[in-house]
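Both of the next two complexes hold subunit A, though its partner changes from subunit B to subunit C.
Moving on to the complex of A and B:
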């Protein structure tokens, strides 16, 4: 489903001005294409590859709301280079083949200047080749390591969210120092789970810890009871990253397995429970356990003014749910990336003096030249650094604990915790 | 005009239209039609097994995936060029079909469906689990510099379109020849009455195996082409969905018709593309279209045309 958002409606005066400018431009010989383009008051058109349907729909719903809220703020502040901005949302069905088609549709049919917003890794990886073919910037909000690993191309960037390798590495020192050093990992037996397995195993080893068991759960599994006896008795921490509809069953059955007796510490990525109320029946077992959150869904006592502004603008209450429906829990740990990416686009376009599609390469180069994003309304999740060579942002990560059914932050990493050596230099690649 | 002339004229006219499309279509539709031609090639192969031989397989995603990964992995991990990789993909598709066929053709009907489905699911999970090689559900990107065939950059719109057209045209001509040959008539005889074919001296097992292998070669070729033309090799393209899709394309276009798979794939692609602009329930629209088809044109679009007006259509 395509939908379009225009932040500013045009006044009669601006339309007449635009018509006059257009007529003038037509009358002029094309000696000054840059000048004539610079006078355009046409909206800048941004394509949004949206997981409106398919497995990513719960994320997509909130990604759309967040991007819409950011667009409103951006246009109220004058748009980009004085031009209003428009977002055209197109559903990709959370499917990589459709993702590439949607990218082409946004770039060549809707004439978008760039495309952003995709979260799911397989959609990003399936789409990135098309971005390079069309030479259209593709700004992803995926947290996958695929950008920084060098797998993609110069037109694909991830300036709005930290990648999973950095997230996992950032968590490991605190887990080893506070929860335990003997870790059993339970993860889905496909690429997402394997990334966690590989990155965390290395990261905890660097902290003097050890992964003593790796329990891979087949993606077709609907009951998990038979896997729990594989958890070694000496396990101090269970690291779990189950995703999908079976996650509630997983937690419930884990609770039944341990009963009211002693259990290891639990540490999980909130990906398991994004858009799920942590106080849902069956999740009582999670009380006292810890989670990674990119951005804590519960408003913390020390929330910054920027965080408060962002939360209100998107329409999220203090518990992390929609202000209009407390049962509609946000995908808060990830969705900030669409907001922040939009403001990186604004900064990039303004730095590049962006006028139109001919300046797409300049835009990529302008973003590559960025190094830091200060905590601000534009970056409410917190300060970040951006590595132009790897096209990847690095931000602060939070560890929260379930206390009385709410996720309360107990630790925040430093930026340095998440750094790792560069694996690619996209700036050395041609466009 | 003889029937043979008329048949060739119609099919060549379709190819001429597609050729013209390469020059006339806007960029977005050019890429779409290139993809449809690759998928229609896959569906043509499916039609040889299902539409002509009566083998209702739910395992063709394995053959498509074998071609996709057979070509993609060689390019990605062994640095093999696009041409040899494509050939390897075709062979991989045929080989997968031969192995599955040797076992699955010992069954018939619903059992054949289930056994082929199980093989395809096993193949899908193999891709999913072996992330070190396949990157599982995420898939892998075929580097742009590797997507060059005989000097043509397959990542550019026009060469991609014409390579897709070349693949489709080769598949179409071969299929047209096959279904009008004695071998093709035996395939139809097997579909209509296997016991009678056996009594006439044909070996149903060998004939069905041959049909399945030919079908697998088509699927492998389409899979390899998909990876090389569009630069992405992912597990979702080898999932059950990709066993069911060619069945739907063939049913929509007309099972047992040469051009039916193209018509079905094209219609369903654009049905989803256009309906998704208005509703999130685009698959419901597809479902409704299929229900209407079953009610009013159970033999598919070209099958119905053939029944009513174009008796000569192969």
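Moving on to the complex of A and C:
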């Protein structure tokens, strides 16, 4: 017993000594800044939590393509701090438990400097605590309000895409003013859908409108007709947002349900039709209806040069499908976020003088110090502002209308439309 | 919507669910009834049917109806061949021991699912319906194809019943079910009967999938739901009883349609699961099953 105690105290002492030595070693470069340039030209390794399989697979396919295209542009322009960059893609099956495992694998086994790219909110919420445990930056592309709401932690940031609360607040005035004030909402029954439910209901009320029914549908559902009788007859606008493999079935059945009879106005988040050809048989009824798009899939008449460059680099044609396969429609409204996030990482690492994993905290602080992103090759979706306290970016939203089978922009919000008071100050939290 | 049309929609949805359930469950019930094998991979045969229907729809030129008819013939044959192979290579080697076959079919489930993921991909892909006809009622519209599925399902079930009750093949199957040893003594090749029954079960699942895929899309994870629902139907109806399967499918399907339309789809699932629990407690052999010896 005694010997064991002694053994224990000895080993603790040696560990402490080791830690002190380690801390000294870590502190060295800051004492001798000249040494920092004696770094290796070893690649910077970025982990990508990819929805390659599971309910987010169509997004995953395009997120991988977009990130790979952005990486090519980045490396051709000299990488980050002169070092080449690698992305290590790892499939999370669009599953929260696997998401956290994949995060750990990327951070500890693949030795990635950070992890980015996750979209589905349940995966992000399931993974973020792991990011804080491992103290590895986690840059999400998830749209959810969970970053800016303060639910997550200082290591989790969302610099590449606007959150749902801001999106719906920006569009509610247009919906109330042009489509109607009595709204029935149809949304997926998980965190992302609940953001829509909560914040759109509040936003439309602020415009003098009212949500008269909220219909939640499990994201794994495959048959939808049975939900539609819950739509009240006095509904003026159906607000629909669906995700998952069955989105096409959802929209088709909505069309069958109303058929040629009278129907309310339709306002959909393009999520209901991401990766789906709007000209699919059975979707003719969508002609004239409106959609939110983070980034219009059809090349608009006033497309900027940056947008044209981005579209060509990723390999998307003017209709929003792959240049090699017109049936392979992109998740265009969302996937720009991976491109833009990669360039935020570049800007952050360069501002922080990033050398390696020891500078992870400096990287987070450098991104927190950012305030705006100008429209550019790095930010082809448009100008954005970034709130370092809430870790959230704010961008422009488009409302498009199906005209002759193409989605044509009829309204674009301003940045100010999407602002709301801060709900958290992550910079006051410890690392 | 007022009560009348509301109920009509609920019943129509319920009939479609019943048709799907009966078709998916009848193969499972048949395999258990004759071979005493609980086939956990049954849902994956369903999935394979849908996925292969997508391939057929891509390869066969001409209008969707032609590809659909081709799929209706080819896909069940393809899946039946895989099932027969699985029976000969795996189940036969295990001498059809109940515990071993459950574990083996769980393995088969994963093999088939991952094979579909590798060769077909993770995306849900639509298969066009043979015709796009919509019934426009005064209160709501309804897919004409869904109504056709109900009719087709009734025809298939009638066919299965005729096969079992009236044909020589059915007689041999029933003889094997009744007493395997005596059947063998009378010169029936039991191995071949078992392979045939397993193939028939797989083929029926695939046939159900081909009928359903135009209203659902083909996806590599789509086998899980039909498997669970088939088990629910088969347990309530009585394992191995064709009549019980059909009646249980109608019961579950219609109650699912009505409850999920008037209340919530989740409640419908709760009720179905509760029914299974009650049947297991009060009538373990199922409504129409015979008590195991």
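Rule of thumb we're sticking to: the second predicted complex is superposed on the first by the 371 of 431 C-alpha atoms of A that agree within 3 Å, B and C clash if a C-alpha of one lies under 4 Å from a C-alpha of the other, contacts with A are read in each partner's own complex, and residues count from 1 in each chain.
Keep in mind that, in the parts below, a residue touches a chain if its C-beta (ideal position, glycine included) is under 8 Å from a C-beta of that chain, and two chains touch if they have at least 3 such contacts.
Predicted model only: the values in this text are computed from it and were never measured.
In the superposed pair of complexes, A:45 makes contact with neither subunit B nor subunit C. Judged by the touch definition given at the top, the superposed model places A:384 against neither subunit B nor subunit C.
When both complexes are overlaid on chain A, the residue A:133 reaches subunit B alone and has no touch with subunit C.
By the touch criterion defined above, A:83 lies against neither subunit B nor subunit C after alignment on the C-alpha atoms of chain A. Residue contacts after overlaying the shared chain place A:53 against subunit B and subunit C alike.
Judged by the touch definition given at the top, the superposed model places A:226 against subunit C, while subunit B stays out of reach. Of the two partner chains, subunit B is the only one touched by A:121; subunit C is not.
Across the superposed pair, subunit B and subunit C both touch subunit A at residues 52-53, 218.
On subunit B, the positions that touch subunit A within their shared complex are 26-28, 31-32, 35, 125, 128-129, 131, 135-142, 144, 155-157, 230-232, 234-237, 273, 276-280, 282. Against subunit A, in their complex, subunit C makes its touches with residues 1, 6, 9-10, 13, 17, 117, 121-124, 126, 128, 132, 134, 136, 138-143, 215-217, 219, 221-222, 225, 257, 260-261, 265-266. Those residues of subunit A lying in contact with subunit B across their complex are 1-2, 52-53, 91, 93, 95-97, 100-101, 104-105, 108-109, 121-122, 125-126, 128-130, 132-133, 144, 146, 151-153, 189-192, 194, 218-220. By the touch rule above, subunit A contacts subunit C in their complex via residues 52-54, 57-58, 60-61, 218, 221-223, 225-229, 233, 245-246, 248-249, 253, 256-261, 275, 280-282.
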